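Chains: A, B, C, D and E, in written order; residue numbering restarts at 1 for each.
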Amino acid sequence: MAKGLKNTLKSVGKAPGSLIYIGEITTPVTDVSISITEYDQHTIKSYQAKTVEECVTCKFSNFNSWINVDGVHNVEIIKTLGEQFGLHQLTLEDILNTEIRPKMEVFESYVLIIVKMLRYNTTTKEVEAEQVSLVLGDNYVLSFQENRDGDVFDGIRLRIANPHGRHRKSGPDYLLYSLLDAVVDHYFVVLERIGEKLEDLEEEITGSPSQDVLKSLYALKQELIFMRRSVWPLREIISSLDREESILIKKEIRKYIRDIYDHTIQVIDTTESFRDSTGSLLDLYLSSVSNRTNDVMKVLTMISTIFMPLTFIAGVYGMNFDNMPELKWRYGYFIILGLMAISIIIMLLWFRRKKWL
Amino acid sequence: MAKGLKNTLKSVGKAPGSLIYIGEITTPVTDVSISITEYDQHTIKSYQAKTVEECVTCKFSNFNSWINVDGVHNVEIIKTLGEQFGLHQLTLEDILNTEIRPKMEVFESYVLIIVKMLRYNTTTKEVEAEQVSLVLGDNYVLSFQENRDGDVFDGIRLRIANPHGRHRKSGPDYLLYSLLDAVVDHYFVVLERIGEKLEDLEEEITGSPSQDVLKSLYALKQELIFMRRSVWPLREIISSLDREESILIKKEIRKYIRDIYDHTIQVIDTTESFRDSTGSLLDLYLSSVSNRTNDVMKVLTMISTIFMPLTFIAGVYGMNFDNMPELKWRYGYFIILGLMAISIIIMLLWFRRKKWL
Amino acid sequence: MAKGLKNTLKSVGKAPGSLIYIGEITTPVTDVSISITEYDQHTIKSYQAKTVEECVTCKFSNFNSWINVDGVHNVEIIKTLGEQFGLHQLTLEDILNTEIRPKMEVFESYVLIIVKMLRYNTTTKEVEAEQVSLVLGDNYVLSFQENRDGDVFDGIRLRIANPHGRHRKSGPDYLLYSLLDAVVDHYFVVLERIGEKLEDLEEEITGSPSQDVLKSLYALKQELIFMRRSVWPLREIISSLDREESILIKKEIRKYIRDIYDHTIQVIDTTESFRDSTGSLLDLYLSSVSNRTNDVMKVLTMISTIFMPLTFIAGVYGMNFDNMPELKWRYGYFIILGLMAISIIIMLLWFRRKKWL
Amino acid sequence: MAKGLKNTLKSVGKAPGSLIYIGEITTPVTDVSISITEYDQHTIKSYQAKTVEECVTCKFSNFNSWINVDGVHNVEIIKTLGEQFGLHQLTLEDILNTEIRPKMEVFESYVLIIVKMLRYNTTTKEVEAEQVSLVLGDNYVLSFQENRDGDVFDGIRLRIANPHGRHRKSGPDYLLYSLLDAVVDHYFVVLERIGEKLEDLEEEITGSPSQDVLKSLYALKQELIFMRRSVWPLREIISSLDREESILIKKEIRKYIRDIYDHTIQVIDTTESFRDSTGSLLDLYLSSVSNRTNDVMKVLTMISTIFMPLTFIAGVYGMNFDNMPELKWRYGYFIILGLMAISIIIMLLWFRRKKWL
Amino acid sequence: MAKGLKNTLKSVGKAPGSLIYIGEITTPVTDVSISITEYDQHTIKSYQAKTVEECVTCKFSNFNSWINVDGVHNVEIIKTLGEQFGLHQLTLEDILNTEIRPKMEVFESYVLIIVKMLRYNTTTKEVEAEQVSLVLGDNYVLSFQENRDGDVFDGIRLRIANPHGRHRKSGPDYLLYSLLDAVVDHYFVVLERIGEKLEDLEEEITGSPSQDVLKSLYALKQELIFMRRSVWPLREIISSLDREESILIKKEIRKYIRDIYDHTIQVIDTTESFRDSTGSLLDLYLSSVSNRTNDVMKVLTMISTIFMPLTFIAGVYGMNFDNMPELKWRYGYFIILGLMAISIIIMLLWFRRKKWL
């Protein structure tokens, strides 16, 4: 979280609408690729744009086009694209800021949707977010991604390629829906990983938990807070996308959007259930610690209760008084040993009655 | 939960509207039975459909018909039925996905309702959910069930058979209501089982709880979270069913629908009360653990407080100094024994005053 | 709670609108009494109806009438009354079901209100609920009560008898209001009992709590959950009674209804405050247990800290080495006793500085 | 709280609108004073009314008048006033009931507002509530107070006396606003006292808390619950006063009312913050108790760990076996003493490494 | 908080609209500076006003002007300014009261917005709030600040100076937006500091926490409560600023205002996440204390369990009975030593099986 804040600070004190990239830079500025897919019912063309200026032709073609920009850390490219497609200054600022809250904004000639694509990094075992900005125009969809290592859109590429698929018969609004759907669907993958972690923790806690269990639980909670912050705004976004009276989104697409809405609710529901479960697990863990303390105490008390009186008796007959008649008795020693044995038995019976044994 | 997620993952990356069965497959694909009940005020016909195509005749007959499909894991059958009855691609996808959130969707020529039928499995002692999809058309109701072992609809079959019952005088909307009512009514059975478990736990915790009580409490909480997730959406569904301006649901049926609404609220209320109670039970358990620790500590402290001074006195007179006048006294030993007895009595009185005894 | 569920189960699997009594049967079926009060501004007649059919004359008389049925376990009587007064099948079902959630339903010719009458049973020291169903027609009020041992309506009977009272000048809507008001007013009696219990618990917990205090607190919490479930729906009911555009409730009565509304809110407020207080009391109790454990520990630690070193010193001089010069010293014994005394004093001073004493 | 309930019980079973005083009676019935202030832009008259009948002249005068009744336990006076000013039966009932929830009610010819005036009793160190009922008519304001010992309205008296003040130029609606403003402003005084208590508690808890701290915290929580119940309804009242389309409240006054609204929100905000803080303080206290238990345990464990092995060694050489070669060694005793010293040093080092020292 | 209340108390009992400065006075009354910036597309003038009267010329000039008042403790200046610019009495009261809740108020000729500017004081390591009041008129913005040591508006001064910036082309509404944006942007700086503290605490707690960690956590919680109280109202303010149908705010500015809204939501989201995290950290800390108590107990129990039986055995053979055959055995002593060693080994094995070692 704090990381995100640190990046956000870069824009503090800047004029609104200043174009600054806010996010981590891991690759050189030139390392940006733009892939264009132009299609209609009969034809399809897919290629990498060599210059940004190539993209503008899409805007005036009769094809539907999908322009996907991988890497938003090159401010120049974003700026040029923005000018070509008539994007508002604030839109460009939002696209460049990888730390903002998911949002939807309806402009006169386009709709902007910014969402978080979540991924489970199998190396760090952490959930990672990547910002995806989608711009829907009358015959194009622009998609901006933060990072270059793979995305969740491969399935969509295949489906557009299929000449009999629904994509080829539909406009860019259906493409927008597909992209959103892919993002939301991928949340389930992340949720499943978290669910597995939760089950592992559950197993450990109901078994013999180490103290690290607490840290894992804490980390899981933080991850769920993060997840929640990424997904909650989506609910609102998709809900207002459904209500929005924009001519850019055709009526038949709304059924599909309502479908994503249902999925989003399901993701939120599951996230909340998981949060509930972490709470219950913490209670379970704390109770089991209390129980173990109790058990340790019982052992201590039993040991003390048995041996303190015995040690005392032994001490008494270790005293050096001149006149201690028992010491002279022939079987004094054995009588005392017998007494001690009886005392032990009584104690054990008492412990049993108290259910400590 | 995680199980559900795993099944859901199957559809990730697929085109929306792809028809894939999402759920557990326990029986062969061919093991699907379709039972048809056609009825009007005077006649009734009940039979098993041999081919899916038989069903389509119902659509164009003058009878009301109820087509019940047991087993939705056969995608072909669902697809054929969908084509015959003009169901939307997304509807079929929803019917095939046994892990989705309960929902209602109004289409032009039909209403789709998906709910969870809950059952208490007496073998595993767990609550199980089965998805039931209901499609209401102008003269038919389609019902899709997940699993073949019995359902909660037997009573309705009998009532339709009764020539003087309300069913025979009413349309398919009354049948839809009956099916929903049967599902909601069955929730009370499940709640009662959970209530019994809760009472057992309450009894154990206020008696002498074992440590397993915590795990049972945790399991119960998880069950209530599960229950809650299944029932909450129903509230919304039935409420919007009541408001819905669909000609498929006649005005006189609305009173009945409001009746189910009241029952749903009652189920939700009880679930929430149960959740409150599990919280209180956990507090009760934790407090009783603290109390027991306290009791164990008291025993230890009393034993130590009594025997430590005594052992010390015995130790003093066990010292080997040449010049220890008391050792020579005639009644030294007995005086010391007396002192010890007095010390014990003083301790016991002190404990009593402290209310430890 | 579970008891209520068990009764509810009786109706599971029955056709909606089936008339079955749901509740406990403590008296024989014939043991039902119907009292009728007919009144207008000038005359008043009060009598016990011998047959159910007698009631129907009220419906067509010029008097206002109040028909009070004590005992709803006789299905036949309810059914006959229902037919005579034109009550809907679902209304009769609701009246017979003593376990449903408080509700209001507006029908064409009457308004149905079902509420819970709460009573504090001084024998079992528990809060008991009795269901009261009220039906308001154009010139009559039907009231159905569950149980025969007294009710909270005696005051109203007296007031109707008073020829100058407001009742005699008003219609059945004022009577309905009076009945509801009597029920809500009685909640304060129950709340006061609960408040007294809470104060007793508070006193015990801030004094020297026994372990039973926890069970009492738990029981109190359950009672408040029960109370809450009975009263919350009332808020909604009375609020919609106020908004309802029914000609059965005259405009001048609305001020009175708003008055009950205020009382209901006050009952709810108090219930919530009590719930808050039980939470605080639990915290207080748990903290006091922790504190007591702490105190017990301190005693143990002080005893051990004082006597362990002393016992060790005594042990040293109890050793049997041949060459232990101190043993030969003339005042060795007394020097050691002095050392021991000093050690005790140092310990006590240290405890004081630590504020343990 | 329970006290309030007990008073409320007096009205249970009474006809609605029965005029009974509900509250504590501390002064005789005759001990009621009525002060009247009549004013317009030019003149002002202030006097004590000798008879209730005097008040009625105000109603028909051309002056604005403020009639303040100190003491509402005299039912006769309230009744007479009510008749003179045409107050509804329910209004009188509300004025006489000092235990009701703050409320606003708009009648045809007047507006009724009932609020709680809070005061911090410096003797009992508790927050006390006094009910103030305000009735705004076309040219008068009636104010009813519960108790005679001072109020928060002295400032207003002075301001009315000022011939150039805003009061003299404004109508009774401005007076009503002033009275409400005085009540709300005084909440800040009470909040400050509570804030001071909270700071004292904070200081004690972060220092060396006694066990009484818990009871103080509990009492503070109860006070905040009480405060909250008194202030929350005010929000609603003032908000609806702002919206109310009553001709009695002129448009230019609304700005002022919105100002009180802001203050009320601020009071509520602060109350909620204080509640949050008490919760945090409890956590802090509980943690510090746990920490202290932990510290006590460490002392005990260190003492035991050091002395148990030593005592054991001394015990070994206190045994009386005939053949124990070490006992004959010349420096056996000193070797053993050296061993014991080394054992102590090792233990202390180990404690240091464990950070117990 | 209590500090704020204390200041607020100054106005209690005063007539509404009385002009009193409420806040801390750290500098002399004369120490107030007024800076004026007048600009249009072509020209810009920046200067310090020598007299208050200078400001009024701005009101009637053709330039846009920004009048910034540093220090609001000089009532005279505020009053004069208020008269010149036609501000309502209540507005002046609000500007002078540095303890009020953030608010927006729309007057006929101007809009008043009061917000909290938050700063992280690096010396005291605490979050500090300074009140900023903004008044937007048709061609001017007045800004009032509490304190003189720097503000967050330097960036805006630079941007206005830039002849090609958006400021010069826009009206005072854009300036208002810039000022608000600067304030909200600065919240991220404060949040980052808090986030760093949180991370430090997290590190300490998961490492080896000292007891001071609790106080830091408590202080952090208080800071977040403070933050929350400052920021929450802003949400409402900016949201209603967006909806407000004031001609003072042009349509093209709304997009920008919605941008601040998004930032505010993000600040609130982060604050809430931080609160969640402090809760989780407390749980983590408490659990770690429990765990450490448990560990200490285990050490004590192991020491006692090993040495108590040994000491007892030594005690037995330290008894002085005449007839104790073992004492005469040649290897009695060594046999006993062997027994003791075996007993130690058994204990250690048992501890290992219990996973205490």
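Quick note on the criterion: a contact is a pair of C-beta atoms (placed from the backbone, for glycine too) under 8 Å apart; a residue touches a chain by one contact, two chains touch by 3 or more.
Because the structure is a prediction, the values reported are computed rather than measured.
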Completion exercise
Listing by label each chain that touches chain D and chain E gives none
Practice task
Would you pick out the chains that touch chain A and also touch chain C?
Solution key: B
Handout entry: Distance between the centres, which are taken as Cα means, of chain E and chain C, whole angstrom
Key = 43
Problem - Multi-partner residues of chain E (each touching 2 or more other chains) - result: 286, 290, 293, 297, 300, 304, 308, 311, 315, 318-320, 324
Fill in the blank from the handout: Among line, ring, star, complete and other, the chain contact graph is ring
Problem - Of all residues in chain C, those that touch chain D in their complex - result: 152, 154-155, 159, 165-166, 177-178, 181-182, 185-186, 188-189, 191-192, 195-196, 198-199, 206, 255-256, 258-259, 262, 265-266, 269-270, 273-274, 276-277, 280-281, 283-284, 286-288, 290-291, 293-294, 297-298, 300-301, 304-305, 308-309, 311-312, 315-316, 318-324, 355-356
Practice task
Name, in rising order, each residue of chain B that touches chain A in their complex.
Solution key: 1-2, 5-6, 8-9, 11-17, 88, 90, 100-101, 103, 105, 208, 211, 214-215, 218, 221-222, 225, 229, 282, 285-286, 289-290, 292-293, 296-297, 299-300, 303-304, 307-308, 310-311, 314-315, 317-320, 324, 326-333, 336-337
